[in-house]
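Labels for the chains are A, B, C, D, E, F, G and H, by order of writing; each one numbers its residues from 1.
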């Protein structure tokens, strides 16, 4: 093969690569748009009006997630499945945001942490890399951390909306999450930085609980919060 | 033809000299490379120890965590022992760049554990005292042939590496402070605030007389201090609202522990 | 004059210049050392213990400033006065720091902004370029801005130390300073960048005052500091 | 045409261009000066004294805007209108600041978001590119975002000044603004970065409202805020 | 108009703008591709084989320039002509490269400097801003300077290929160019930096001429190139 | 008290999930770290091979050097085999950053040897064809339990790594060119000039459509080309002075070898 | 003095300073223009035509230097003489270029190194700082080094123009200069970097002399060059 | 040990370190001065006059080396011997230069490569690190490479001085050196870069030999230069 042929060959590879990226970018933009719509639906829980109507907001969000699954389905067709990490940068952030949104919906519905299995079902992806387009564990964790900071905001706003029980429940939930994260050995990467933020969320929520308890407003969930 | 060259001998002088140089350079590079690899291991294990130590704010008995950290640090020290072994008879500074990152991270981990246990700053001597290794005498005396085959091997952390490790420690202290507030611990933040402020004052006393890398870390240190001071401030401000009837409880349960150490006032 | 003679002659010039710079550097190093000592004395006001003993710290700092004046006096002897700007880079930063320290002492003593006249007296320099070794107006301003950020830290720490009156006073002072700076038409230079930082200090202090106000703590600066 | 002639001819072009830029720079400096004056007038609303006298401050600012219009009028004469984007960098930042100031005045007067139509009237420019010297939509948005962060400061300071109703109104306003921005599909540009700052303002204001609520200081605007 | 309506309206603007940019980017990519093809054709003059066949390479390049004109024609349709400078960044570099290529062809054909008039004809653009999509004078100059450095390479390679006459002609040409540029009063901008490189080209070519002179090879450009 | 907590169960769900994550993350980081270390070895050995190969311009029989380089490259390939082993069943791109530097250096070394031997550019296929490894089947079939325990393991160099390696190769070619001139070799420089020009034209054909790292290396490539073109120019210019009576010698001794390949004219 | 008064007063200072700088910049631009013209006159010595007419070029350059003196005279009026180093950055580079031009003229006229005394006379400045606007010794040396690199170019081009004696004379001159510089103890500053370039000029010129020698073209200056 | 004590201790260490460095710097400056003097003595071999008087120049250089040994002796007293590499940066470059000068003297005297053993004797240092202040092998090699480039210059200038035998001897010597260096595995460090320069020296010398041989000027040292 001559030098020219070799470079023509490589150029062909590079062009193909760029085309794939262009295709991926377009689908990802659509996903971002859907994610923004879901966010708008869920944001309303911070306002007194929306706060009182959480179940219907969650239902609406659940509907929008079906659009997500369709778009993710389309995304999968744009590149060979075993090259996931080659293009990871493109969808990483939107997957984190979507995980956050899924986790937020699940939390609002059931006061519990969405599992990786549930998220992948909601987003229409896989848990295992081997099975196909999957959700990276770091992206799952990042999404969960975004939710944590949303919950600290929710704790504040539920007091404004007059719900004094929710902050306590959020506090328990977030503490459990924090214990989970303490088990991990993170590198000095974005996830680590985000996890550092969790400490502030925990702190903020603790302050809300404190404010409520010194005013005798905290409705203690049956058993004692010794800690 | 080859036999004819009258300079058949002289070139071999130059060439054989260069063969010696080749040997010397390769030996040095190989050693450097081995040190880099050990240093990476030291870094990783030290980082993991730090993560482990952060769990003390969330577990009931912190002694378990500290004991586990002891084991981990022991393992790191063994790795540093390997570095010391490599440096035996060498000028430490010749290979310093290869392992400085690892050593700094070790200082960070060791001083973090020390703070948690003793609420004081570990000294350079204390750090170095842990880096004394008893060598396998049987295996070594052979190849040392004659030289003082001391059974004890030491590693000396340079003051600068110590300083850089302590500078990084302040970031971990800040994290620990915020976690403590989140866990409802009212005392640790003030202790940390005091300690961090002392370290900060120490660094500003050193100012720009230290090496460049230290000055670079000062900005982060100052941010950490600000975060801790803010946390203490918030604790104080919201503490001001405690209703009269709750004060008694608070004082019995907390003030007793707070005062003796260093506390707020 | 031969080339060799000329270059020998020029080398004389260069050596003299290098000697002057070497001399200046040494005095400046000594000044930096003194500045660091004054800083150590004044920084203690952020500690609860030091906080309660501000007057004695200020006195101690005032004593150390006499060493500054001696060193500045020595500095003046190291070069011809009209070449101030030739060597300005050497002492610029230490003069800014010393101005900050002088301004901080004066503020701690009297809650007021040090004037340029006072600074030059404390440092043993002149106001007017024409009169001798002087303090450049930009360096004066830089020093004042360094103090502003120290004051926002002090506002926070005085609350921690139980003094709820000081933040309000600092807030008023900083606002006045901010108005002053807004009268200046700064170029896009380091001073401008430093000034941009002032608005964060203003905001930070306003938030401290807010925290006190909302808890009804901002009113009486005289009552007890015990908690 | 010889090479020399051609280059001489080209030098004519280059000189003309440099002259235009010099002229523009001078007018822009005057505009910046006026902007600083308006800012000084409006800043006073953060102090208790000024806070109680908002209408008169707004009137004063309105007067100063007439100077802005004169200066903008002069600016227009300095270059051919179709080369707006050739020189955009020169006035971009000052236009953003002036938009902020106009938006702030309008908000203080009427608790409402200034429209682009109102801004251009206040500044003496056009909405449509085609009609003449206009306000770029990105610059309008940037100005609005600067105001948002000023409002979070105002929320804090109105509590200090004893006005417990304003934070709630600001909160509603900012939420509306946030929803508006969520409709936009911003690129990864300076505007996007500024918008990312908005969520901190939103959060800060929510916390002020929270502080008021938990202490029973928030005056519920009569009816429910369903929006 | 409600806030939502206004932002929806603004989103219309932004989308339109992004679409325009997307369109422009695509055409510019095609132009870059064509430019690279022309470059490949012309670069062959540095190879001994291509060197002997310059006329045919120029013809081939001329053909490819018709594709450039088509693409530029398409580019013009993508945005309103008076917003040239709004999008200038997008095509600036490719126009500079194309100018270089046009200048190189013209030089190879006729040993003369392409005029701005010729370039615009080759590229299918205008000289005057007023007449439509034009070639900025700075971009024209940048293109000419790129060619200068290509010519110093050509001087070297023509000697290798056995042509001892060309370097002398290149030297005269480059000197004339250098004099031309010295008539310009350039700002401290990228163009100025590029111009500073010209003196290295001048020197390099002078050294080639020197090497030929000292060996008595620089005299007759007609005699045989065979060696 | 501990027994009382009604949430004794739920937390363990979260905690046990995070224990799985911990496992996953640590496994991944450990693998990454192992790959970094192997990659460093690959880099060093490849660099040494390149140094060795430069000796061809100064020794009488270049086959010895090439044979020695074969041995060295074989050893590098075994290391790459270890990388392939680590990547077995993984997404290569997940760990790409860990070993890209080593692979690029290997491409540089292998393509340099290939050029010396064949005076052509090694293709990506040829590179990859050398990175096929036959595995120890006995040991492996056990732990693979069921999956296709293919006895063949391959490593695929990405086109980008290939390109970056070739970009670096040009620097070595330039060095070889200058050395050849110094050794009085009149042919190699022209061959190198032609070859380098082709590679240069190839890169400018790709232009900015390639990855950013490629564009970054273009400047160095252009400088190397200029040096080689200058060297050829000098050879030609001074060749022009050969006195008539020496031409015969020159032609008989050199032109014969020069023309068939590609030569000057 | 109130804070406001003080800042108003300070603003006076800052404005005055900015005005001075603006004035200086304008005169310096004119000087740069004149320097470019002188350069154009002198550059012609590198071409065979100009080479044969060096005396008249020097005369023309000498005439242009009278414009330099006028402009420098104007520059002096723009700021107080003792603040030379405050504004040194503004004229430093143009003074170095002018020194180079003066040194080049003198060399062309007399094959000798211009002294600092001669330069200051040609430029209309002083040698001694104390006597007024002077030429800094470092700037004088920088100008001389620029000339050295111009001379290595001249050595090359004089061979092209058929003058085989000049390179030898240049070689001796440059060697003397090099010995001179070796007497200096330069710091690691721009001047040092420029001096490091001198050895390339020395080497280049030696190679020219070598080329002449080996071809028997070097006309041995009669007597032995023991120096 | 308290935090303050610890930092005081460290500060003590840092001060001591700086004092040591200051001391070292001064001795190194003196060494640089001596090195410059030796260089001036040896440089003269490039001029025809000096070229004919090499032995006496070498003797003079040898004398100056005794000053080097004294200064190196002083240098050794400035720091603990086992911390050589801690301060290596300070004397590295001067040791390389001195090695170059020693190697150059030895070459001029005996046409042979100075050994490491000879250099250390001339400089008054050790070969082995264990034995005391030593010469790093990389610094020895760097010094040798500096000499190589000086020799390529000497080859050129000996032709100018009419000595046609020396270039051939230099050529043999340099080729042997080149063979030696080919045995080394260098990192991508300054030494590697310098070694790359050797190729150009070899090339330059080869060109001189070529120039001589085609003119029948090369006096073949007895046996055949087959290569």
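As a convention for this text, contacts are C-beta pairs under 8 Å (C-beta built on N, C-alpha and C of every residue); 3 or more make two chains touch, one makes a residue touch a chain.
All values derive from a computational prediction rather than experimental measurement.
Traced through touching neighbours, the fewest hops from subunit C to subunit F number 2.
Within the contact network of the assembly, the step distance from subunit G to subunit H comes to 1.
One rotation lays the C-alpha atoms of subunit D on subunit H, and its angle is 180 degrees to the nearest 5.
Centroid distances from subunit G, each centroid being the mean of CA atoms, peak for A. Separation between the centroids of subunit A and subunit H, computed from CA atoms only, is 63 Å. Centres computed as Cα averages put subunit E at a distance of 35 Å from subunit F.
Averaged C-alpha coordinates give centres for subunit D and subunit E that are 42 Å from one another. Counting partner chains per residue, subunit C has residues 179, 185 touching two or more of them. Contact with two or more other chains is made by residues 29, 201, 205, 241 of subunit B. Every pair of chains meeting the touch criterion is listed here: A-B, A-D, A-F, B-C, B-F, B-H, C-D, C-G, D-E, E-F, E-G, F-H, G-H. Put simply, subunit A touches subunit D in their complex at residues 33, 36, 39-40, 43, 46-49, 153, 156-157, 159-160, 162, 208, 211-212, 215, 217. Touching subunit F in their complex are the following residues of subunit B: 29, 33, 36-37, 40, 44.
Subunit E meets subunit D in the complex at residues 1, 3-4, 6-8, 10-11, 13-15, 18, 82-86, 88, 113, 115-116, 129, 137, 141, 176-177, 179-181, 183-187.
For subunit F in complex with subunit A, the residues that touch the partner chain are 1, 4-7, 10-11, 14-15, 17-19, 21-22, 24-26, 29, 89, 91-94, 96, 120-121, 123-125, 159, 162-163, 195, 198-199, 201-203, 205-206, 209-210. For subunit D in complex with subunit A, the touching residues are 175, 178-179, 182, 185, 203, 206-207, 209-210, 213-214, 218, 224-227.
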